[in-house]
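Structures are listed in the sections that come next.
One chain, chain A, links the two complexes that follow: it is found with chain B in the first and with chain C in the second.
Then we have the complex of A and B:
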């Protein structure tokens, strides 16, 4: 990465208050994202990957959620200090977001054309007619056939794949510098998933935007991402360039995830598994959160939750095996 | 398939058309051809993987085999006996030999029933044992699926998705079935938990001598559990083969597209994937001829007009495609697949 990062998240902590108490859905998460870079955030349900993305756009519902600490600096501006008006400009303008289920993120009572035009006209002073022409262009670009006619259709008249294309058209309508894509293909069929991922990959080259791609699918990560963050129980446990993560994973959780994916290449009789289950946020173990499921845990692991420890340039993991089970000094992140 | 052992379950010409009712008189305006004349045979102890995208009829097929829904046409034979015409009462003794595990471990367990009651219910309905022995059995079953006996007193909301799926599996096993239809049993689970459940299903198959129909949209998952794999598209079977043959040498362009669409978990082997265009057509109005012709990269004139039949090429490898079996090829005598 050369020059200042497009987005820099430092020490982000987002808490939720629920009946059982308060917990950190995301704790001390830090990462940088360069211009045009594709960053993958991987993790299982409850790992905090969606909350991280929602925090960037300050879309955390408050209550029950609240961004409790940290900085989110986008092009030199701390979004956590931005005024409500400014954040509305950024949402859908410089930073756009697409979600897993396009049916719930499109408004069912308006034709999709109106929804694209609305976004464009919110951010730019441009005539309805010109916005409409741009909407047709965008629908055409995302691969929707006969776009002028589709403009007048309602979300329920479109298939799942077409809805996701329409969502992408809305997201692209103001030329964002950053696209947050939260499991954009999880709800789609395999062949349609491939279409959408290829489309996103083409669009990134064409528009030169950076993408944060949130997924639980390590195959998607391997094929489409430059750099990866692995999250577990609200914390980043490993970050690395994609090839290095697959070649030399350092955190036992990453290692477990990689060996448990039902690889198409393997014909192994038994699948590798990670024993146990993800702990509830109210019953987190002392020390390292992965300790009860980890085959390498020793007494030292229960003493403190390890910070990210450098393993190689650009590659760090939150595991004290990297220091020979010596607890690192707290400033050595 | 000319298996030496007769199949445990077999279906011939299995068809389900759902009427689409419209208007105030509830007239049947058209039909959705969910499953349109397919043949299946699973020998005892085998796992047949059934793969396809939404609307291909895989779930409907699974439910018809265990008679949760009645077929519109076709025969179903369980251990050589016709069962498609049986009513609920005559079906009951057969029913204990066939169970089903559902996709959604949240929707398929009654939130008001304890785990004990959930797992014991099939035993009560089939009047197996007394209350005391049923209690004992539930405890054993919980251990078999990797839960603890004390879990019996708890309720579904106290469990994670993976644990709930284990409860669903224990319930299915309670009556000691021979056939278990697994309908997307791991699709709702996290990756690390999927592997645990698949390993469990494999162990149970060995221990209890189970026969599985394993339904999934995920060719990766199916590979790990199946002996043979059947691929469906819009109510038709497009390809059936032994697992190794299907993955190493897929014949049907749809199977090839499905395999190519899966992102490989290897960043060193990045490739532009062969993406097939278009959406899955509606099963209410399937395309003429070969149903895949609207999306097929190799479509020929004949594909639009003549429906291809499932034909055997290599031993035990069947495909329904004019490209693989040109229409002039003499058709071999129909055999059950």
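Then we have the complex of A and C:
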């Protein structure tokens, strides 16, 4: 990474107000993303990864959600202070997003071509005809055969993989600098998953855009990302370059995630699992959030929720084992 | 479309409504009689070849009066439907999409719906003065909250769909989302609802004219034909019975039409046959 980051998220906290009270779906999340970099955000359901992505585009439904604090700086501009009109320009224009369910992310009553043309014309003053030509090009680029005909087809006439390709075409339609991909392959067949990830990876090289790839499956994305953030209960528990994360995971949760990946060459008969379940956001344990499920926990762990502690350059984990169970001073982070 | 044609009730409804509409549109071709021309010599003629539906107490051709009445009744029904479609959609979409407006708009709608339909319509027409235009306004006002509720319910579903989120992530504004992504997905229930509103409006209009609050005599509408014939129901039952039957057939036809559309547009609601 050189120069200022493309996207810098600092201390992002997003809260949700529900009947039982208010909780932080995302708490004090910070990360930087360079131009053209691919960042993986990994975590279980409810760990706050989708909320983080939605917060970047200010798509958190309010109420019940609210971005309570922090900064999201994209190319030098604080998105949390941008006007609604400016945010709409950014959405789809400079930052695009694709969602998990290609089935429901496309409007069932319009042909996919219309939906691509529509997005292009939100952002650029070009003729319907020119937008249509661009849509054909895009569909061709994302690997849809005979794009001129597919343009007139409705979402239900396409397969899941094709729909996700169409979604990607929509996302790419205005040459975004950043693509937020929220579990783009979770709903797809394994063979299609690889194709879609391969496609995203090619497109990154071609368009030079940065990608945030949100997933709960570390194994699937490993070869496509540069750096990984691991989230647990709304907090970042570890961040590291991908090789380092696999070689030397520091946080017990990351270690648990890695050992629960099924590998074909291993001779273990049973998959490792992490004991226990994710706590409810209203019943968070005192101190470290992972403490009740952690094999290494000691009394010191219950005293404070540890901040990220540097383990190596570019590698940090929120675990006080790194300091020999000594509580770091809170201002150290 | 093919499913519609296989739906027997829908076909029956279409035929009934089609016949009445045909009669209304081509009233001047189907009869040469003037529906308002009185003739003392032909009072109370029973239905015959010369006077298909008989004549009334002023000797006017019932056939002509029922046909021209159909014209007015359907026009009024259509007017109510158009106003309903506009305002019901607007109110429903606003209430469903913007949570802050939901409570206000729906409580106002509840207030409207707390009154019996006819009572409220009578009140509004009485206040505005009796005429067919005012009957349209009154009926539209009475039925708009119902349409608004139906639209709101489907908007509430559609706005949570992921493609709305996706459209927002592509930079679409609220109005664009409502117009392009939410409303098209609410059309099916709206169309069905409007068909039923059409039927209710035709029926209620007849009630209003029967009470003297709709179109004024001598202009024929089904309601005031029945009202005028009421005094002679023993001597000349055809004066009241025939427009009554036509009215019933029209309302039945529209209801069947609506049921058919609902079954075809929304197969989930289909009752096992």
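Methods note: the second predicted complex is superposed on the first by the 333 of 333 C-alpha atoms of A that agree within 3 Å, B and C clash if a C-alpha of one lies under 4 Å from a C-alpha of the other, contacts with A are read in each partner's own complex, and residues count from 1 in each chain.
Everything below uses one rule, namely that a residue touches a chain if its C-beta (ideal position, glycine included) is under 8 Å from a C-beta of that chain, and two chains touch if they have at least 3 such contacts.
Since the model is a prediction, treat every value here as computed from it, not as a measurement.
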Superposition on chain A - do chain B and chain C clash or fit: fit
Partner chain in contact with A:191 - chain B first, chain C second, else both or neither: first
Which superposed partner A:136 touches (first chain B, second chain C, both, neither): neither
Centroid geometry (CA): angle chain B/chain A/chain C, rounded to a multiple of 10 degrees: 80
Which superposed partner A:97 touches (first chain B, second chain C, both, neither): second
First, second, both or neither for A:256, with chain B first and chain C second: first
Touched partner set for A:89, first chain B, second chain C, both or neither: second
First (chain B), second (chain C), both or neither touched by A:107: second
Contacts of A:123 with chain B and chain C, given as first, second, both or neither: second
Touched partner set for A:162, first chain B, second chain C, both or neither: first
Partner contacting more residues of chain A (chain B vs chain C): B
Minimum C-alpha spacing, chains overlaid - chain B and chain C, in Å: 5
Chain C-touching residues of chain A, taken from the complex the two chains share: 57, 59, 63, 88-93, 96-99, 101, 104-110, 118-119, 122-123, 167, 170-171, 180
Touch list for chain A against partner chain B, complex: 44-45, 159, 161-162, 189-195, 197-198, 216-224, 242-243, 246, 256-258, 260-265, 267-275, 277-278
Sites on chain C touched by chain A in the complex: 99, 161-163, 165-173, 176, 180-181, 184-185
Complex interface listing, chain B residues touching chain A: 53-54, 160-163, 190-196, 198-199, 202, 217-221, 223-224, 244, 247, 257-268, 270, 272-273, 275-277, 279-280, 295
